[in-house]
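Once you scroll down, you'll see the structures, which are given as structure tokens.
Across the two complexes that follow, chain A remains constant while its partner is chain B and subsequently chain C.
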Partner chain A sequence: MTAPAQTADTRTESAFVSRLKALQFQEYALVIVVIALFVVGAILKPDTFPTWANVRNMLTQASVVGVLAMGMTFVIATAGIDLSVGSMVAAAGMFAGVLIGDTGTSSLLFIVGAIAFGTLLGTVNATSIAFGRVVPFIATLAMFSIGRGIALLFNHKLPVSLLDLNGGSFGDPGTFSLLWFGTGRILGIPVSVYVFLAITIAGWMLLNRTRYGRYVVAVGGNREAARIAGVPVRRIIFSVYVLSGLLAGIATVLLCARLGSASPVSGNLYELDAIGAVVIGGTSLAGGRATIVGTFLGVLTFALIFSLMTQLDLSTEIQQVTKGAIVLGAVLLQRPEARY
Partner chain B sequence: MTAEPVKVLEVRGLTKEFPGVKALQGVDFDVVEGEVHCLLGPNGSGKSTLIKCVSGAYEPSGGEILFRGDPLPVGQPAATLKLGVATIYQELDLVEDLTVAASIFLAHERRRGPLLDRDHMFKESAALLARLGHEQISPRMKIGQLRPAAQQIVSIARALSHDVRLLIMDEPSAVLDEGEVDVMFDVIRRLTREGVGVVYISHRLDEIRRIGSRVTVLADGRTTASGIPATTPTNELVTLMVGRKVEQLFPERPTESGEVLLEARGLRSLPMVRGVSLEVRAGEIVGLGGLVGSGRTEVLRLIAGVDRMDDGEVAIDGQKLPPHNPRRAIDAGLGLAPEDRKSQALVLDWSLAKNVSLATLKRFGRPLLKIGEEKARTREQLQALKTVPDDPDRIVRLLSGGNQQKVVLARWLLRECRVLLLDEPTRGVDVGAKAELYKVIADLAKSGIGVLVVSSENEELLGICTRILVMREGEVVAELDAATATEEELLRHAVAPTDSSVLAEEVA
Partner chain C sequence: MAADHGPKQHKARYDMSLKRLLISIAAAALLAIGVAACGGSTKTVTTTAPTAAPTSGNSSGKTVHIIASVPPTDHGWLGAISKDAKAQAKQYKDVKFELMQAADADSQAQQIQQAIARKPDALVVLPQDGAALTPVARQAEKAGIPVINIDRLFTKPDAATATVLGDNYQIGVLAADYIAGQLKCQGNVVEIQGLAGISVTTDRSKGFRDELKSKCPNGGIKIVASQPGDFNPDTGLKVMENILQAQKKIDAVYTHDDDMAQGVVQAIRNAGRDKDMFLTGVGGSQDAMKQIEEGGLYRATFLYNPNMAATAVNMARLVALDKGFAELVPSEVPRQMVVPAAVVTKDNVSKYEKYAFN
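Here is the complex of A and B:
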């Protein structure tokens, strides 16, 4: 990611040095962590870990949580939280699955339906938080339950198969069909990874190079100061939850496309993965400091750890304990000015 | 003075280094029983570091601190407090929801067995408050119900509950108005009569003559004068503080005024504001005086659209503004520099550039911001205001109070605002920086901006304004010509009803 040329920069240090300085400590550290994890994996499982197939697999799986984590970065930048992303993924998938019906053949209808439903649920969050003044934790905790309930109601607790969209099998999805987003490749790289990367880059631009991004961080950094400086605080807070819902819709598409089905129990604990990646990346839970690069690296860190643990035959229970411990550790490291 | 008064505190050759900074480089300072020893120095001169070393919050790097002849335990705030060294910090650090008694005994509650002995604490609190001459403050009241001065007295009572021998007060008057300061001074005098030594830190030089016995001046972490009499002339003190002569504290007043820029009519927001009308012309500096709590800050916030009003209207250039809409007010040319820079104006972890440009981002490109241009434009504004440092990449948190205020002003100048609303623009700013800010404000007015300034320092209002509106209990009760008015006059209007004929009732 290159910064635009700084025409007015009169400092003596080179542009390269100043760009390096702009990276936060946590981002440096994470790059090292990512490399170290990869090396450890390569040493422990030399035959299976450092292979292209494994990397591809890791990235494909990471892209779903990665997309959620980008939305979560904006939410947390405003000092908010969105606990409902996992439930929104399940609800959006079931909505779109039921929408296209048993004999549905329209990929586009599924994609639009999932994104629209995710956005709708996000808008409900946004409305209760920005206008109902419900604290984000409670509003999205409610949606965590509501979303999951809706997902179960749509098809009597049963999943919906989406393979009909592809002639009943996973084989050879046509470009831009639903399954293509989950299993297709361009130049050997999975389509879902392109989607994740595109959203990451767009997220970086939005956060660091637009007025909107500035406002988001200002609202998290000092809400009263932002208001007095003319920032439309309520609109900004509203927008980040809508954005989170929208991205949950996109994550739904990637997930269902990969699995070939929509399931009411999918997306379980995705909120923890997304929040964890954001926090590990260095975005402050107190708001006012956000980094997309950090979130991206946080997502990679999580993906590497769990791929490695899976290959070492460690159970999912142990993985879950590890996940929680990592998030806790990241938050503990993050409090620079503890006052008690 | 009697022969050989007892030294409560003696500081010799004290040094304190932080990574990369020598905050204290050899400070000498002593306090005898029953005196008020004032500590003077610009922001960043090391006053706070010094008192934190004494109170045990910091561990000094070198030198000694003796308390009644014996070394104080270093870096142990609890042990220091137990010996009788209590500190009252600048910001009132009381919990609004606690009772007075609970606040006084916070962290050293009286107990009977495992349970709190509330009766005992109520009785003892009442006794402490009576000792300070304020038995009317009930130990059962909540802190939030008390005015700032009463809260300050509770803080002092809390110090007394530790059997204090040395009381350190860090800018205790910053949140008080002048009447309340008198009340606090009475309390301090009672304590010194009992033999307590007091260290008193303030930026208000007039207070030093009123309450102090001796003065120690700090500049750049060194004592430039130690224990000189409090009667030392003000200009000498200022010279010692800034290391150079402040030629003139107040700049020349703007004399010409143009058309009416801001007009407020019948502003009402009960209970604080009860019908305020005023106008500000281009080139004017209008002061809004009165006691803390008379509704001055609220008037500024209503004008800026930050708070909701019950009634009234605000117009810029004759164009009525929609109520409770800060964005539209800013678009019309208003800029508010609020009372508390840190909590209401700045994103402290942001760079200067981002803070300055926050209200002007539209100008730097759409959809993508031109970061280079943003920095160049903000640097221009920062340089015009002589902000130190003016590097747009610096973090605002690390700047001194005066320079942080300039960052806020730069924001509104970049926005090309036409009416500036300044709320306590020099609070917590040292004398040298105050003079600079006054000059900036005067220059802005001369360039055609209308300025409305709220201040608790009457000297400041009289020094920089063209006219002063005095508020009392939510109303404007007088309009004074700042060039001829006196502090007594100002205070008289602020405190009591007056039969004078200058009651201002602005009629359009």
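Here is the complex of A and C:
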């Protein structure tokens, strides 16, 4: 029934132009959602919501899932998925916590340990997917379980306190100490926000301005065509899961720095927030299309929703329904071109 | 695909399967390490378990087979529940004890169904969700297997032979008494709840609200925010960070759990507002007791002792042996036992430290 209208469309403007418009509208759509949520917050909580302190708090909270979502964008661009990022966060934190030991005070050892262990777990995912040919959903579902399990094993299910790492005094943590990454500020902006923004910019450059980025999207778009065109498909797939693990390690540092401890139950279901942010940002779950800017806006959307609803003190059930409705509405708003 | 690539492909496939084999072996080795480490930790548990001799009825001719089913022990309190149950069972020569952990309500129901088929003498169940597991518990009772229910209640009376639980409502009441007393019925209170939708959370919340109303009829204490922290420190951290943004004046924070409270404490400290308010927990963890002793932000916790699991094992054994509590007349196992809650503050923390769990 709608076929004639579609052909009329394509006749009046070239496919390229209409696609460009759709793309622009998509990115604008999420900007509108972010602004609308902020305006709603400003109207309902005029004293506390539209303040620099609150924006700073939201960005800090967004940084952990934000870093995970950047890695997830690359994974999903290859038509893959990484269900294990939340478990890797817990495992990397516990590994590094046990590594520094009861009397250790080295922030550097913790940070390097967490990032190294995250990368290691990511490499295990990468190996089983790229070389073991296990589908990403299953391989990372296995790591979802294994990661959580080893997080619990490391210290007999107990959290590790990280408050005594060097420079660990509250309020004024020494530069480059662990707690500094959670609570320190430069020019009034939290350190974790710099880390998040730096990774976002690096991710944008990598995806949009390098051959590697084009390969990643090509692998997700059409694997066979990419292979014939000379893209090292297996190596690309391997690399995105390692990257996801590495970023899980960095997210661990940001989370533990704020929490002042490493907990085996932390990072629970972070993968869903990360995947959700990537997908509402406009990256296709089917692969072949990815946008870092979209992911960034998706992360902000989730952070705004969470912040707004807890500050309004809505009850859990209302929060869940509202969150679902906003996510659905955001996606409907930005996908007018998806027809069946 | 072409015929002349045949042998090469064959070799490739062989290589592939060799790789797969290697990967599988690596995975198996990893699992084995995991199991070994698990076993190791279990051993330390049993050696550190209290060695006090059980009072009476140490052994009887019959062997009692008890299967316990609990949620995953990834939380301090739940971990202590498993430890205490295992340790208690170890004290009886005539008890064959198995502990099963289930990740969610569905898999717990399946586990219990499988357990029923094996016809144990008694089941001890701490349900993930009391309502969801009521049907399968009734099924066990109908099959003649007595069920001992711990902590989270089933929703039908015929789903359990006996129940042992902490008094969650009373914990809310004690917390309200303590906070109202400290604030002299005047101030803003934040409540960080547990997991939404289970009776533990509802009762801890209702007891708190009811008691605040009756203790401070002037309405001087306002609950300015009440949000779930899912018994998880990092959720507690994030929720509290947001509440601190929205509420400029907070005098006290009532959290539903000591583990979760650690995240809430950190949010308050990070915001530099730890001098403006105080906080209470629930459970009685070592961390909480240590902080109560040091003084400062963490003022009190309300004991909710996991060793009720040991009591449940005792009850299961007695029911299976058709015996009862000697103190009851006639000697029987009570239908329901409520373990009293207690207030732990800086003044009496030394008395309770030996009951702390980690």
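Criterion: the second predicted complex is superposed on the first by the 285 of 340 C-alpha atoms of A that agree within 3 Å, B and C clash if a C-alpha of one lies under 4 Å from a C-alpha of the other, contacts with A are read in each partner's own complex, and residues count from 1 in each chain.
Quick note on the criterion: a contact is a pair of C-beta atoms (placed from the backbone, for glycine too) under 8 Å apart; a residue touches a chain by one contact, two chains touch by 3 or more.
Being a predicted model, the structure only gives us computed values, none of them experimental.
*Asks:* Which holds for A:205: it touches chain B only (first), chain C only (second), both, or neither?
*Replies:* After superposing on A, A:205 lies in contact with chain B but is clear of chain C.
*Asks:* Can A:272 be said to touch chain B (first), chain C (second), both, or neither?
*Replies:* neither
*Asks:* Using the superposition on chain A described above, determine whether A:285 touches chain B (first), chain C (second), both, or neither.
*Replies:* Neither partner.
*Asks:* Of the partners chain B and chain C, which touch A:232 in the superposed model: first, second, both, neither?
*Replies:* In the superposed model, A:232 contacts chain B only, not chain C.
*Asks:* Let me test your reading of the model: by the given contact rule, A:214 touches which partner, first (chain B), second (chain C), both or neither?
*Replies:* first
*Asks:* When the two structures are overlaid on chain A, which partner does A:42 contact: first (chain B), second (chain C), both, or neither?
*Replies:* neither
*Asks:* Applying the touch criterion given at the start, work out whether A:224 contacts chain B, chain C, both or neither, answering first, second, both or neither.
*Replies:* In the superposition, A:224 contacts chain B only.
*Asks:* Once chain A of both complexes is superposed, is A:112 in touch with chain B (first), chain C (second), both, or neither?
*Replies:* neither
*Asks:* In this superposition, which partner touches a larger number of chain A residues, chain B or chain C?
*Replies:* C
*Asks:* Okay, in this complex, where on chain A does chain B touch?
*Replies:* 3-9, 205, 209-211, 214-215, 217-218, 221-222, 224-232, 288-289
*Asks:* Which residues of chain A touch chain C in the complex?
*Replies:* On the chain A side, the touching residues are 45, 47-49, 51, 53-54, 57, 60-61, 127-128, 131-133, 146, 148-150, 152-153, 156-159, 170-171, 182-183, 255, 258-261, 263-268, 306-307, 310-313, 316-317.
*Asks:* Provide the residue numbers of chain C that touch chain A in the complex, in ascending order.
*Replies:* 16, 19-20, 23, 30, 34, 37-38, 41, 44, 73-76, 79, 196-197, 224-228, 230, 232-235, 237-239, 241-243, 245-248, 259, 262-263, 266, 269-270, 272, 358
*Asks:* Spell out the residues on chain B that touch chain A in their complex, using ranges where they run on.
*Replies:* 304, 306, 326-327, 330-331, 336, 338, 343-350, 354, 358-359, 361-362, 364, 366-373, 375-376, 379, 411
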